[in-house]
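As written, the chains take the letters A, B, C and D, and residue 1 is the first residue of each chain.
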Amino acid sequence: MKKKPQRKRARVERSSQKRRPKNPHFEPISTELATIGKGFQARGWALGTSGNFSAVVSREPLRLAITATGLDKAELATEQFLEIDEEANVVRGNGKPSAETLLHLAIVRGAGAGAVLHTHSVSSTVLSGAHARQGGIALEGYEMLKGLEGVRTHEHREWLPILENSQDMVELSRRVSSTLQESPGIHGFLLREHGLYTWGVTLAEAKRHVEILEFLMEVLVRSGAAQSS
Amino acid sequence: MKKKPQRKRARVERSSQKRRPKNPHFEPISTELATIGKGFQARGWALGTSGNFSAVVSREPLRLAITATGLDKAELATEQFLEIDEEANVVRGNGKPSAETLLHLAIVRGAGAGAVLHTHSVSSTVLSGAHARQGGIALEGYEMLKGLEGVRTHEHREWLPILENSQDMVELSRRVSSTLQESPGIHGFLLREHGLYTWGVTLAEAKRHVEILEFLMEVLVRSGAAQSS
Amino acid sequence: MKKKPQRKRARVERSSQKRRPKNPHFEPISTELATIGKGFQARGWALGTSGNFSAVVSREPLRLAITATGLDKAELATEQFLEIDEEANVVRGNGKPSAETLLHLAIVRGAGAGAVLHTHSVSSTVLSGAHARQGGIALEGYEMLKGLEGVRTHEHREWLPILENSQDMVELSRRVSSTLQESPGIHGFLLREHGLYTWGVTLAEAKRHVEILEFLMEVLVRSGAAQSS
Amino acid sequence: MKKKPQRKRARVERSSQKRRPKNPHFEPISTELATIGKGFQARGWALGTSGNFSAVVSREPLRLAITATGLDKAELATEQFLEIDEEANVVRGNGKPSAETLLHLAIVRGAGAGAVLHTHSVSSTVLSGAHARQGGIALEGYEMLKGLEGVRTHEHREWLPILENSQDMVELSRRVSSTLQESPGIHGFLLREHGLYTWGVTLAEAKRHVEILEFLMEVLVRSGAAQSS
């Protein structure tokens, strides 16, 4: 039983190799994503197999490296990443892509992102619950905001939308696309009692945005914003 | 005085080796448990020799690998695990099994668990004290709940029972068994001002459940649930 | 100028070597203390050169290994420990002993301790300020209390006295001695807005007591005990 | 396009080498700064490329080693430091100096500092916002204050001024200079919702001051000082 599916996969790979060679960026990008993901897990931002991380490995055709579903991020490794196409089909690697792959694709398209990082921290869970009724959280006056791409001064008001959580990923990815169209300037959003999505043109930029937004949410919680207003 | 008990143990081992060979799963499972336990200690979930960890190494006859009592979990090592039988007798290894071994056995039997992990965090101590009168804590609406085995949506209500703490382990293990019979769907329970017990079919599942339930308890504390209601 | 004191020390060492050989326990004990101290610093319990750690290396005559003053505990090393006698004179090693050496000696004598550990955490600073007027903090009902030497049940009431802080170490060491005489059952005490002193017959026991008392103080702070009552 | 600027730099280096040899302290000091910076990042005090660190490598003429702008402090390395002169011109190394270089220079001059460290923690962000109207925060009665250079007793009142944040570094560096003239005894100051600046004669002293002031701000936040008074 075990051999047959392997043979089948081997055939698929051979035929796809005819069409085009393996993308050389896939492995180094996956290694970088694994290092970043393990770091987030250590900080408590991706416990219990939560969190998922992706980066664009080619634009034409669109290909993403993305975490397979259900992984313990403490031991995230290069070989646990999948290469997916623009319709979320796996074209390389073993495993099922994260259920939230459609959200990653929506962000890559809607925000022109080169990397999409989803963390699941205590602060984002607390705040996205407490402020759900306001539809988002305003971050204003903090020097740390200057680390968000394109922001030049602390006198900036960043709106972090909160989207109602859902298990219907098609429907949710449409709401993500609409949010990105309506608020082109945002750098991230929260899913209610679920966590943060942020992105960047590069992976380094996306990682920086995670750290900045997680930091500012922690500031809000410590300032007394955990209770709903 | 020291030599006699060693000789006695040697005899017991020899006679048990006649009956059956050493279980080959015991050592690798103990190594995995040690790695997990050290990780929990680093997060502050098993300080001051608290916490104990076990996994099934055989079903017929029932054998568990379990931490010996009184160990500093920062330095937990493979050789510090004991193999115990279905009556909590040590059949392999040196040291006294944890006083709470009977609870592990009750959970293995009552929940069909393959691994049982007991952590002792600040959050679980705080919440199990503050909510003892309600008999438990409800966790509801969180995406993180989906990481609990069998849960498919955040629209799930997980009941985390709080059992009164006791030093009478026979009596307490009976209450644990009753709780598991009365609430077959639960994924863990708290002992009042003592800590969390959770489990899984596999060790990876049990570890995931620890991270999820500790995360959600931290969310509750940060949301203002530390004071009794 | 530099050579003279070195010669003098060389002479002192030679003459003391005549009287007795170097204590062989000093180095391994110092290494253990260094490992423990670095661990505490990593947890934030010994920042800014705070904290000091000692253990008995001989009883007759009384000799302690103790941290020199002013060290960054992140890089604590075996060779930074001093051997001191019963009057706090340095008999081995370079550097000035901690100003609080007299407190360590008072605890070794008054509590029969084999090791004395002083940490300086956020929780102990907060609580010892907020509860100074009550003269101490009661810890009661927690399973974690069972890790304190001699405690058999969570139904134990541990009194953690708070002593007014002082820079007069002779006077303060006398108050420590009185406290130990008046409350022989205690496992530690706080200096107001300064930190925790705890101890054990062995170094492992003292380390366990640090983790337990720091854990329980964190529980109290998270339960809302940070504001003075 | 890439080669030309490299050639130009090569020429500049050659001509400056004629004038004087490379400062031999630059590299070891940069390595020390990198180690300290990575440690701060691990504690969450320099997330999202925030924070910057400098030390004097020569007094006559004045030369500083300082972090280039926009670096991920988790991977801070010796070769990412720049040598700058008294007018903030880069005389060695690749990259743009931090926008806040003028503040470092103002502190080196105004406080006679040998090292200047700027961290960006949650506590300092919270407190500098909540207490901005009072113009500063008083730290009083804490033993930890004794770790600040020149302080001999916990009965000390340390004033930690809060300066309004600005993106005009010339104007802000003037306010820093005035603050240092008006309050010569201070050991650090906060920029509103931005972070901490502290310093020391040596790098070790500056690092100690960071740990002490970050510790005491955490104590204040935990004591309930996060809400504006």
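We take it that contacts are C-beta pairs under 8 Å (C-beta built on N, C-alpha and C of every residue); 3 or more make two chains touch, one makes a residue touch a chain.
In this text, all values refer to a predicted model and were calculated from it rather than measured experimentally.
Shared contact partners of subunit B and subunit D, listed by label, are A, C. Shared residue numbers account for under half of those found at the interface formed by subunit A and subunit D, and the copies are therefore classed as meeting with different residues. One inter-chain figure worth recording: subunit B and subunit C are separated by 33 Å, centre to centre, where each centre is the mean of the chain's CA atoms. Chain centres here are Cα averages; for subunit A and subunit C they lie 47 Å apart. Residues of subunit D found to touch two or more other chains are absent. Interface residues of subunit A, counted against subunit B in their complex, comprise 44, 47-50, 72, 74, 120, 122-123, 125-126, 129-130, 165, 167, 191, 193-195, 221, 226-227. Those residues of subunit A that touch subunit D in the complex are listed here as 39, 43, 141-144, 147, 152-154, 204, 207-209, 211-212, 214-215, 218-219, 222-224.
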